[in-house]
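Here's a structure for you.
Chain nomenclature is as follows: A, B, C and D, assigned in order of appearance, with residue numbering initiated at 1 for each chain independently.
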Amino acid sequence: MSILINKNSKILVQGITGKEGGFHTRQMIEYGSQIVGGCTPGKGGTTVFDRPVFNTVLEGKNKTGADTSIIFVPAAGAADAVLEAAHAGIKTIVCITEGVPIQDMVPVAAEVKRLGARLIGPNCPGLITPGECKLGIMPAHIFSPGPVGFVSRSGTLTYQAVDELTRNGLGQSTCVGIGGDPVIGTSFLDCVEMFLADPATKALVLIGEIGGGQEEEAARFLEGKDIPCVAMIAGRTAPPGKRMGHAGAIVSGGVGTAQGKVDAFMKAGVPVLDTTQELVAELKKRMATAKV
Amino acid sequence: MSILINKNSKILVQGITGKEGGFHTRQMIEYGSQIVGGCTPGKGGTTVFDRPVFNTVLEGKNKTGADTSIIFVPAAGAADAVLEAAHAGIKTIVCITEGVPIQDMVPVAAEVKRLGARLIGPNCPGLITPGECKLGIMPAHIFSPGPVGFVSRSGTLTYQAVDELTRNGLGQSTCVGIGGDPVIGTSFLDCVEMFLADPATKALVLIGEIGGGQEEEAARFLEGKDIPCVAMIAGRTAPPGKRMGHAGAIVSGGVGTAQGKVDAFMKAGVPVLDTTQELVAELKKRMATAKV
Amino acid sequence: MIIHEYQGKELMNEVGIPTTKGRVAATPAEAKAIAAEIGKKVAVKAQVHIGGRGKAGGIKLAETPEQAEEAAKAIIGMDIKGLKVNKVLVEECIEIDKEFYLGITLDRDAGTHVIMFSPMGGVDIEEVAVTHPDQIFKCHTHPWLGVQDYEIREMLYKTGLDTKILKQVHMFAKKAFELYRKWDCVLTEINPLAVLKDGRVVAADAKINFDDNATYRHPQLEAMREVAEEDPLERSAKERGLNNYVRLDGEVGIIGNGAGLVMGTLDIVAREGGKPANFLDVGGGANAALVANALGLVLSDPNVKGVLFNIFGGITRGDEVANGIVQGVKQVELKVPLVIRLSGTNEKEGRAILAENGYEVAATMEEAAKKIVALTR
Amino acid sequence: MIIHEYQGKELMNEVGIPTTKGRVAATPAEAKAIAAEIGKKVAVKAQVHIGGRGKAGGIKLAETPEQAEEAAKAIIGMDIKGLKVNKVLVEECIEIDKEFYLGITLDRDAGTHVIMFSPMGGVDIEEVAVTHPDQIFKCHTHPWLGVQDYEIREMLYKTGLDTKILKQVHMFAKKAFELYRKWDCVLTEINPLAVLKDGRVVAADAKINFDDNATYRHPQLEAMREVAEEDPLERSAKERGLNNYVRLDGEVGIIGNGAGLVMGTLDIVAREGGKPANFLDVGGGANAALVANALGLVLSDPNVKGVLFNIFGGITRGDEVANGIVQGVKQVELKVPLVIRLSGTNEKEGRAILAENGYEVAATMEEAAKKIVALTR
């Protein structure tokens, strides 16, 4: 078991004919992900790695039965690509693209939610259910199957921590990189809820960052839950943003600081560690105590 | 019984301090409608006919428990007023205002539907459940309680036909003037469905107009239903619009002509009459045959 | 509100839609100068608010500036289906390779705006819609978000046309929708959207109608209104504050409140054998002054042989209407019969006022229709 | 991207938001002329991208044009928290009756934009947010439809302020949101929104930040960018295509890929007792040239005593990074120690290239941090 994706996920690659899209499609296929086709307007009728290319997601979905998509289109077209997938009936949509304007994502993220689709990202590394399906751009070799559910706002810090997990014999059920943009489709809490409902997930790693209140939200939800769980907050020594006027401080109402996040996790009994080494050591200890 | 409104409907009047709003509020109160308050931004805290006036619908709803509203605000603010009511949780919203720009109504009508509220109008006379609740601007004295469900796109033609019904001893369960604008919240079909689910409604009068396809849609739905029903289509001799280019003709695909509507009703076994006199005579005959 | 082709093309250029090159001329001399400036074969096109100008001789080709001057001389002042031509559009003569159709309007049944495209554009597009409905491609735009690129692509890739052309058409569709939204249009139409032999794609015609309910948001439109060539009675109606007047070709003047009731009145007058001279809806809540104005307007139509008032009051109050009729008759010399039907709000008060002034009120709409048809026959 | 108060006020005037009257001056003579034109007491305000200019002496009042000239002479060229003042805004001196706060930004937790208003505006607004949170009123705008009038009303009528004032504030909120949307802002702030003793309401200050991801849609912004007063290293970063560089005040240069990893690197360097000289995220998929640029940039900071590379490749490939390091070192004279940590995509290839060129790669991030801190102490 796992969350969001598994070996049966049928994947369309939006932007499959681009440089990054092509590179990572090959890597996903090599991993064993079921890539059933791709979309690039104007390239319909051609093939990439023997997979059919379609002009629109709707056509691709109708002809392949895809239920999942991953987006590599340039930033200016990314929000449109997300909406195209959601309207075509794709249920899980991963948007890798970085640099998507905020005002493009605000209405699109809300509309995707309304349509009942699940968006991961944008500006994220994607997700992976080790041994079954890789839907993203992460280096596959560091992952291994196992009981740890993993959520992170940071791509590269995820790799760092996962590498550490795997080296220590702790495999992962699913690893989700939810993305670092201000407006994203799936939050920390969304993932934590899904993991708690997944029988294969027996422990949790949460990698947060300063800014926003989603770590706090997830922490509150975890109060009283007895799953072994550890967290890390990046940016504890980052200088406060120079350029956000008063509004940033007022809108957050004091939420979003590293200390606030640490406090929220501590209150929920979730230790916050300084380095990935310490993080994994602590998790190992807690899993042993909980006998999972 | 009735549809949409009855003696328990708790009504807020949006634009209660305006000339038309005030005039019709008094008339509704005299009819026995439960007007619990009104809204006019900036007039909060005052009263009109002993009813409290609020600055916002949200405040009015929270303080009075209103579930229904009627809108008399000027055209430029009407779409906003509709959305305000829907977001405040008002379930039945009647927009009397005429002259609302089409591009204001397209998103608002869709959003109201999403929120699960019911909008009647704009540019409509409202609705009335005779003897219980008048939520509109119709002359009350022509209505009488009874078994006839009544839907119409035209205000004044409604009065004409209802007057005829009442003179002939046929009372009405509820009369709905859905409005003549190109974009409206509630269609013919919506009303017909509600009437068929209402035990008090035992016969139907439908007053349509040329343009659009909602009469055809309602007619298709009525195929095979055995409720006594008669219809009228205004505009059978109207000149075709001079100014709609080709697009109007193409978008409709031939739908919307008087003849098309007549044919659709005839196919459903619903006779289409030329005058309100003939309409009522035919309904009387059919109700007698069906023994209702 | 409608505008001319040349005005439509100006608005299109403003949002970046390429059109045929040209300018408008009010005199033959101007037409000559524009043709000289264009420096090649030109088309001289009557600017008139009615279709079928080509067949009526309202479009002429000219090889030289002198010929353009001649053509303008012939067209300016011409009468096309009752409308006088005041201006001509002088533009480059184009060599068309393919004609597409692009139109945007409201789809009232879908409750949103629809972009329509056909690879079979040109004068016969309405026939194409009937004979080749599969060649009309539609894109219903998102009711909240406005048109999205993927929606246009989903429409266009169904056509099977070449991708390079489609990318250009996509741009036209997107910008035309931008124009449609920006100006509160009810119609934006490019027919033909022409692929030229030199490879360019241009809007070779431009038809734009505006939502009259939204013109208050666009004060610039007032300057574009060319009243000179409107029907003088329709223009007079607007000046009198009567926005729902349409002139017809019969002899029974009709005034009522509510579009449905007025349409119903037209229908019943026609059924009784009369021919309506106009459609005039004074709207909800008409006061005495407006009613008097309405009567004055209808009586100013020389074809009118009698007037039928059909009022069933909701917002409109019977006493206001009655006062308006009395007032209106005082202002003009009443030479034709007047039949009045008055019911609804303040019906009694209205009838009393009319009785005081010596008018009779018909008992029903049918009776009123029969009476006016008999009196005008 | 950020702009100056005077530029913000220009954008506000463009959408119809009234501001204090005034103009920008680059020289004392210009300041004098503007003051003469205004014809009354003026304020001369330093235009600088940092808060607290008032306390630093960057705002002076002047009764006469001559005094304005003197004030400008004192302020232009002044150093405020390390930034040089190049321009002053000369504007009418206003008599403030009440100070409100109006700000628009993204509420990331709500997933939509939020308009915030407080009747207790002015310099201490952040303190108000802490001590009087009930005096901060918020309006979360509709994610699809944008802000609606009723949403603004629902916010404003909670303040209990006088209706007449609220109608004016409503207009400011609506137009400020229009500006915010039109220009892809991440912040539009008016503090104070000043009610003057003469009854006028004006934006007395204007702070506008733009979404860097959307500046491609607004080519006009390029002309508003005033590079002269930016930190020279941050400017140099942009010129090198490095958009995620922030200069800090330590001595350990840090280069990594991914904001989270770079933040994590800063954290661990700090924990080991080092002080980071900068934050530099080369982003996903950085190629060799960009990596070389990054190295060159960090080495051009005179405070840097050593550089830590921390790369964990996803899109970014180890071989590209390794080539970039080799290339970068060739372009400059390397006088400080370099510690490299490289894992992830094409890790083996990258390590091979580095080994060939004589560089050692740290086994873990912790080890790398310890090493660079030891080497720079």
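One rule holds in what follows: a contact is a pair of C-beta atoms (placed from the backbone, for glycine too) under 8 Å apart; a residue touches a chain by one contact, two chains touch by 3 or more.
All of these numbers come straight from a predicted model, not from anything done at the bench.
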Reference subunit B; chain at largest CA-centroid distance: D
Would you mind telling me which chain pair, A-D or B-D, is linked by more contacting C-beta pairs? A-D
In whole angstrom, what separates the CA-based centres of subunit B and subunit D? 54
Which integer distance in Å separates the CA centroid of subunit A from that of subunit D? 28
At what distance in angstrom does the C-alpha mean of subunit B lie from that of subunit A? 49
What positions in subunit D touch 2 or more of the other chains? 144-145
Residues of subunit B touching 2+ other chains? 107, 111
Please categorise the chain-chain contact pattern as a line, ring, star, complete graph or other. other
Can you name every pair of chains that touch? A-C, A-D, B-C, B-D, C-D
Spell out the part of subunit B that touches subunit C in their complex, as residue ranges. 20, 24, 75-76, 98-104, 106-107, 109-111, 125, 136-139, 142, 152-160, 163, 180, 182-183, 207, 209-214, 217, 232, 234-239, 242-251, 253-255, 274-277
Interface with subunit D, subunit C side, in the complex: residues 144-145
Subunit C partner, complex, touching residues on subunit A are 41-42, 44, 55-59, 77, 80-81, 83-84, 87, 107, 111
The subunit C residues in contact with subunit B across the complex are 2, 49-50, 101, 103-109, 111-114, 116, 125-126, 129-130, 133, 136, 138, 143-144, 181, 184, 186-187, 189, 191, 207, 209, 211, 213-214, 216-217, 246, 248, 256-261, 263-264, 266-268, 270-271, 276, 279, 283-285, 311-315, 343-345, 347, 364-366
Under the touch definition given earlier, write down the residues of subunit C that touch subunit A in their complex. 144-145, 148-150, 153-154, 157, 163, 166-167
